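Shared chain: subunit A. Partners: subunit B in the first complex, subunit C in the second.
Here is the complex of A and B:
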């Protein structure tokens, strides 16, 4: 009874304090953070340009034959003369730096170009698919963050307990399971055995897209995508918690008689979180790229499969644009994680 | 501790409630109407453009061609049914000029009338380099196409006895082409907004779903299936799961997967095809290109067993490319028997002696070679390659399998390395099927296509017979020429042809009677199998 009261009181004070502390820290370091963001963005533009050059240059040495891709694998049917005709007409014989120059100058004119692998304007491919990619990615991210926080905290707080060891084993099994096995098993379980969820697509066959049906179609692929990301996050959080738990600060706090739950919440978790957040930021692009298999199995029309398709067809307008988007995602994900890191952890400098 | 417990409780409640909400909501699952058929397609949707090959073999539900292949005929050459043509094509000038009379009273789905100008425009666009058509190899022999009254006249560069049998491709309206400034086919509006004369019109196109609805103004009798919903799912296992869960009425599946579906709910349809699988034995490889080796390997593989075990019975053993679907031109007596003892004798006589490691050698050259197969295509390529390697090991020839993406195999590699190939793209004439495989004019580097005469096989007798058959107008004499080709091939084979595959489809029983499938080409998809003539399905 007494403990409960004390705990309640302290936690109220503690909450007020920690928010105030973060606010104070943000105010104090706002200038540093803004400089960091500005510097990173200044760095972003030349980097993106370099990435586009890299895509075109690497594609030039790739073993894929764009003509064969255009012919849907039937380039072998063409005579040499016919091949030459098509190569000229499709401008496949242009050196890569000229192709790049044409692409980037039309980009600055606001033209995204035509995707050769979809026979559609790049803008249309993006319009058709980007929202679904974001929806799936964000759902997967939220599921993985929430579940990993929970499992990682449970496992980290009691490193020797049975439950902690079970979580460890579970995450290692998950890590070792290929995503397509996971996806097909989830499909079999939720759609076929339990009839809780549909088997794939955005809607039931022939139905228009609506909110309720989208949620129902999103759940299982989102869950699978989230679960595939969990092992990394859980293991990282578990480790950093374990590290903080053995630190002198925590031992000191316990000696001073601060209740253990409070130590965990006020001291251990805040100290262990920044590396976790950094990892989440670093794994953002994985949600787009890693969704390829989930997309393939759940017939989810996202950009992951578009990326693979455009790469195999050397479909430059689409491939380069998607590569750019993913590069931006990497950089922005990292930047976001860094900003949060700086705000959360007073020991870290903004771009020292 | 309490706060942690609270979080846990909250999460548990949240997860449980999510799953509690779903099941009742599922009650409203679709199965929209009884006259709707849902087909799950592994290929991506869209690209409904005749200029880039949509409906190349009369397999479109939206477009139609001049002729269509007769359904249900597999043991002789299937006949042609006039569709946009009003009768058979008439050859003249020694098979160099072909005239096709056209049907009147046909309208495109945009309301415009079909006429010779549409056929002329479609072929003009196919042949025009500006459209960069992927179909140019099929129409290389065509010099010009003109309207002649209500008919269309094709003039060829050189005579072709069976040219009429190729006129299966989709016809688009002339309004779809602006010849003053014709753009590439990949930019054409037909890709997303097709306009054809066929029984269905595209009414919705999403990346995951296309809907084709029966046209009220269709020129022939209106189909009973009034909606075809095509869903795209790339993964084969996922397609099977969707069928089982009732979210689809049919799909094309690999034989092993298809066999898990059973009557009375499902029908498994195994359709004979002209889609072959065989190994090239290029002259550029000193082992594979040796005449004795070429002959011996043909005797040493057990094709019947491959069909039974590798293809699970969904295929027909074949060794000379000609097959029962070419009618009398096919001589079953010229098929290679399975006779490994004879094969060993041939190799012994040719000086290929078994070495200490069980592999034969001649003058220090081991009887071993690489075999490239394409892992990104059908599974049969790999499995048949493995089976061939195992059979040939028994006669002392070693095959090393190499998986390589087809896009990265160059013409030089084809010239030196055996490849497990598939083919049969335009199989409705014997000439279309075998001329490019066997004629030595394609053996020289740089002549013809990469896949033409993959073995760089040179046999002047076969060349002469092929050229004669190509222009021979008398069908009886043509039959005789093709039988002679098989006799020559039996003595001196070019490749290790193994089998004609079946395409396997699974279809839910929905209470319709349907036409049989057609003898299918190499390509497959939702326009083939049981759905080839979906417009003729009748309620039982």
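Here is the complex of A and C:
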């Protein structure tokens, strides 16, 4: 009974006092969304605190020795008395939960500690590297969103065509390719064989950071990061577009003779886009992992390569802070995507 | 009545054939899987080469001169190294998948059976763990317990059990009020007897498929950690360790160190994924798109 006419009629009937009703409905919905955001924060903040507690507890039971780390692995050269003196001076004899408490309270005072692997304050590492990570991440995200919208639309509108089948096969193979294999292949192909792009870093050695050289250095890593996320986005968009196109609403609209661009704008886009955006949000953790790998391979001076370096040399202050910061970034991005989803799709309740 | 039955019979036959004769892609995936499994477990066992000693006279030879896959910087035959790496990767992935499935089933059954605050806590735990970037947790755990196989498996299990627990919990919530479970209650079976004799067998099929689909995921995670240089020690090189070597070798133009481990990594992931998706489709009575 889902005739298109009913849909059209309803919108005409509703037009009488629609402004007031819409306003009221939107006000209620905005309230729902605010409640959702507040509830999510009520969940996320304890989660983050629990993660940091877990990390400190793990460090306490692990073979990791803070004294040895402080001495760069040469604690054995000290006498027992010297070791004991250092332990009390560095307050290493306190139980782990007190260490955690001191860490988190100094975090709120804005003291982030000193990174051992970079010989810099953690705040300085963050200040130097966060912009470059964001640049790479946003570039990758934009590339993946634009390309998947394009490919997903092509595949969704003509699911049986040769081109959409080849897109299908390509996405399945890409899905099975780990980001670091992709990044290494791109490095080998574009930088080492074809010499189209530099092998990594932010500038050419000994030259200042300029716009043109940054773009040249950004292109391949950004492309790789974008491509790692494309398969999931394309597959989901293709399915949702194909589903809307065969729905009764679209069939009804076509029967009524509504022009095709209008159908796309009023039916296909509003239905297919929100789940796509939610998926972009859900894929954020994977984007971060991809970014860590891409930054490491292309020597990109971002937080991801700092994370790897801090993990390799067990630079505990930097490692814990970066974990917290990256997790927070992911969680907030995730929440943002969910809010956009709820704003765009009126059928979804804002109580998740 | 007879008319309708006759009308339906050909359709039934068609769906029977289509459902139980695997498509070419699935057959190829099974064949590739068998071949790779055989390669990974037979080659290191038969050749029995010491991968810890180096032969620098044979360092960096291209495929052809240096055997089928060429040699690496320490002069090892890559054909043997890839097999050994595959074996380690597969072993870790299988252990992880089994461990995560057991852990996930345990928590899923617990959540589904008890309800109340236990269920809420476990569900919250699943949501929380799912929201975190998994590889990041792995990086922290593995870097604290450097080179420990147990730590790698534990860090993988910690982030992989959620999927299975979700599946099992949903299944048990659906089954809790099934007639045969109600009948078991009435006949005086205890809660744990019902779990053991009715609910575990019922959720086993889905969990097995979940287990298969976890394997490629676990291979990825482990190879990522090893690639970053915080996973296994060099003596136990997995595919990820081999690919970490490939980054340096690439600068010397030794492409084979990248190509062969990558090919096997992709082939394993792809074939297990196809097989697993096909199994899921069969389980749900639909033929998968692959």
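Going forward, the second predicted complex is superposed on the first by the 256 of 352 C-alpha atoms of A that agree within 3 Å, B and C clash if a C-alpha of one lies under 4 Å from a C-alpha of the other, contacts with A are read in each partner's own complex, and residues count from 1 in each chain.
What we mean here is this: contacts are C-beta pairs under 8 Å (C-beta built on N, C-alpha and C of every residue); 3 or more make two chains touch, one makes a residue touch a chain.
Since we're looking at a predicted model, the values are computed, not measured.
Shared-chain residue A:64: touches subunit B and subunit C both. In the superposed three-chain model, the partner touching more residues of subunit A is B, compared with the other of subunit B and subunit C.
Of the two partner chains placed by the overlay, only subunit B lies in contact with A:201; subunit C stays clear of it. With both structures placed on the common chain, the touch criterion links A:163 to neither subunit B nor subunit C.
Of the two partner chains placed by the overlay, only subunit B lies in contact with A:86; subunit C stays clear of it. Judged by the touch definition given at the top, the superposed model places A:192 against both subunit B and subunit C.
In the superposition on chain A, A:311 makes contact with subunit C only, while subunit B stays out of contact range. Within the superposed three-chain model, A:184 lies in touch with subunit B and with subunit C [touch as defined at top]. After overlaying the two complexes on the shared chain, residue contacts for A:21 are found with neither subunit B nor subunit C.
When both complexes are overlaid on chain A, the residue A:289 reaches subunit C alone and has no touch with subunit B. Under the contact criterion defined above, the residues of subunit A that touch both subunit B in one complex and subunit C in the other are 63-64, 180, 184, 187-188, 192, 199, 296-297, 312. Within the complex, the subunit A residues that touch subunit C are 43-44, 47, 50-51, 55, 58-59, 62-64, 172-173, 175-181, 184-185, 187-188, 192, 199, 285, 288-289, 292-293, 296-297, 307-308, 311-312, 314, 319, 323, 326-327, 330-331, 334.
Looking at the complex, you find that subunit A touches subunit B at residues 4, 7, 11, 63-65, 68-80, 82, 85-86, 88-90, 114, 116, 118-120, 128-129, 146, 150, 153-154, 157, 180, 184, 187-188, 191-192, 195-207, 209, 212, 216, 219, 260-261, 264-265, 296-301, 305, 309, 312. Of all residues in subunit C, only 124, 127-128, 131-136, 139-146, 216, 220, 223-224, 227-230, 243, 246-247, 250-251, 253, 255, 258, 262, 265-266, 269-270, 273, 290 touch subunit A in the complex they form.
Of all the residues in subunit B, the ones that touch subunit A in their complex are 1-4, 7-8, 11, 18-19, 22-23, 25-26, 29-30, 32, 36, 38, 44, 46-47, 49, 52-53, 129-130, 132, 134, 136-137, 140, 184, 186-187, 191-192, 206-209, 211, 227, 229, 231-235, 237-238, 241-242, 244-245, 247-248, 377, 405-408, 425, 446-452.
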